[in-house]
Amino acid sequence: MTETTETAPGWLAPEELETVRGRMPILYVDAVPVRVDEAGVVTHIGLLLRIGSDGTISRALVSGRVLLYERVRDALVRHLEKDLGPVALPHVPVSPQPFTIAEYFPTPGVTPYHDPRQHAVSLAYIVPVAGDCRPRQDALDLIWFTPEEAASPQVQQEMTGGQGLLLKQALAHVGRLP
Amino acid sequence: MTETTETAPGWLAPEELETVRGRMPILYVDAVPVRVDEAGVVTHIGLLLRIGSDGTISRALVSGRVLLYERVRDALVRHLEKDLGPVALPHVPVSPQPFTIAEYFPTPGVTPYHDPRQHAVSLAYIVPVAGDCRPRQDALDLIWFTPEEAASPQVQQEMTGGQGLLLKQALAHVGRLP
Amino acid sequence: MTETTETAPGWLAPEELETVRGRMPILYVDAVPVRVDEAGVVTHIGLLLRIGSDGTISRALVSGRVLLYERVRDALVRHLEKDLGPVALPHVPVSPQPFTIAEYFPTPGVTPYHDPRQHAVSLAYIVPVAGDCRPRQDALDLIWFTPEEAASPQVQQEMTGGQGLLLKQALAHVGRLP
Amino acid sequence: MTETTETAPGWLAPEELETVRGRMPILYVDAVPVRVDEAGVVTHIGLLLRIGSDGTISRALVSGRVLLYERVRDALVRHLEKDLGPVALPHVPVSPQPFTIAEYFPTPGVTPYHDPRQHAVSLAYIVPVAGDCRPRQDALDLIWFTPEEAASPQVQQEMTGGQGLLLKQALAHVGRLP
């Protein structure tokens, strides 16, 4: 889960964010980008590729904070555009109901989700994208995986904080858990 | 809820259908066609216009049977194409989970749904359509209504068998019940 | 949406809460208490009765903040116990997926939900309660309404901030919208 | 998925059932019995134990047909009582929305679900049971498994027709997929 760097209404200076983090759960959205066929069957899942300062590879969902006075849908659109580029053509779900929520705790083991920085509660959505994805910011690339590949131990171990499990929950929700 | 007239694997001759109807609940799909804005907010709902032999106007959702050896998604695609034409570009939901089910009974009052011909259980889905809709078959036209119009008494009384209620449940699910 | 007054881990002093409110959306839960029959059909909805300092009557769902380091389920249990008493025997849903979310904005009209104090995002759940309800704190009473009564203009106009609509969405979700 | 043997309205003689099976998808319900803690967390999943005529062990969900003129909820109650006994105290879900559907095809591979006898479409529900379970009919026993055990290869390989996958989808839905 990365932070937005843009300056916008609702945006917080780093020291302000730190102040809030210690006081209240922070609201996030997680989006699972997918490719679908004509009948709506999920054929591929898109994962962002990041390379850490120590050279370690990690794969991640599209994720980020909901800002003050921002609708959840608008936060989804903003983070999708930030991570997938301006011509990804995401189909944001018609229902505000997330397929699940992920509760990230700074202490591992309270839930399957973990974020050392903060207590964050994320609303998770599956988002078909129809256009061309061009990752920006700190992501190197977006790679499309089949459901079988996405649920494989190899990909799962490259995901952190419980996002591998969240991905498997998304696959289960669309009937594509291997 | 109208019957398909095409001949296909799983298609039943009318007398066969009658035989089955008296023995078992019949599986249907109901689809609520919607237009959405860029953030996924439902702006309009599409209703089929039908004129009865006595001149009465009725409005209906896209609806029909699931055939033998047909996946539910394929039944959705088939009925959407049948009722909205070949270039409607429906976005069939990624999850097989219906937003609700509608249980149509031949006896009114058992549930809010009624079908004098049969006991039918329908899986109901909300389907964004991005393309051009050209109704075919027995529908005269497809009219787009705002959520406020669709939930109004005037439109509701032109819907039959409980489909007006099903439409309101769809509006509630997408957060657009007036 | 009322504030907890107890002192607990994660609890904030009023001035701290004010500090956070102006910086970030606040995470809430809304619970719709219901009575069900043996087949799971919702027969009644429980609404809290409150009388304002000016004598006005208002009716409300069970609602409140999620605290720092508190699971959403535990927040639900805490607010249900706070508002319905210790022997209400609530059946907290097995799935963390809310039936919808309600986005309360301080500016009316952005969404159907309004909270003059803050931008709050609430995860909404339907909770069957099997036991005896004894409202505590600032609620005078808990009254059980049939779905028809709960959706009636009379009850709807006694609910504030869009909770009447949230209640109708809950009725739609359980198939009991009149 | 076993057949009811009782004689009831909507019940079909075996030869009638055969007639219908070759003509139309058959409507089923699948129920995943669970034990929950006070906060609604699923702690155990109940699986029926069956021993085949050749001595093979298989484990199964509660499952069966929806009869003519029977509501889906009443079918759930009937099959739960049939398989878990009269004092299991199942909490049938308040919403008619299944957490997923399972499409069983006689040809393996069309979907992950397989039933050599028929094309069946099953509405799947998670059902907390609070009472004492005493399996009847052809089930030998009901065994409670933790989520980890239920998702283990050992238990999964004792489930047939794709019910192991359906169980994992249920675990994902309640946030308990290991």
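So that you can tell them apart, the chains are marked A, B, C and D in the order they are listed, and the count of residues begins at 1 in each.
Here is the rule we use: a residue touches a chain if its C-beta (ideal position, glycine included) is under 8 Å from a C-beta of that chain, and two chains touch if they have at least 3 such contacts.
No experiment lies behind these values; they were computed from the predicted model shown.
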Checklist entry - More contacting C-beta pairs: A-C or C-D? => result A-C
Next on the checklist: I'd like to verify one number: the distance from the centre of chain C to the centre of chain D, where each centre is the average of its C-alpha atoms, in whole angstrom.
Outcome noted: 34
Next on the checklist: Centroid of chain A to centroid of chain C, CA atoms only: how many Å?
Outcome noted: 28
Item to check | For chain C, residues contacting two or more additional chains | outcome: 71, 95-97, 99-100, 111, 173, 175
Item to check | Chain contact graph, described as a line, ring, star, complete graph or other shape | outcome: complete
Checklist entry - Which bits of chain A are touching chain B when the two form their complex? => result 34, 36, 38-42, 71, 73-74, 76-77, 91-97, 99, 126, 128, 173-175
Next on the checklist: So in the complex, the part of chain C that touches chain B is made up of which residues?
Outcome noted: 100, 111-112, 165, 168-169, 172-173, 175, 177
Checklist entry - Which residues, counting only chain C, touch chain A once they are in their complex? => result 10, 12, 16, 19-20, 22-27, 66-72, 95-101, 103, 105, 107, 110-111, 119, 121, 123
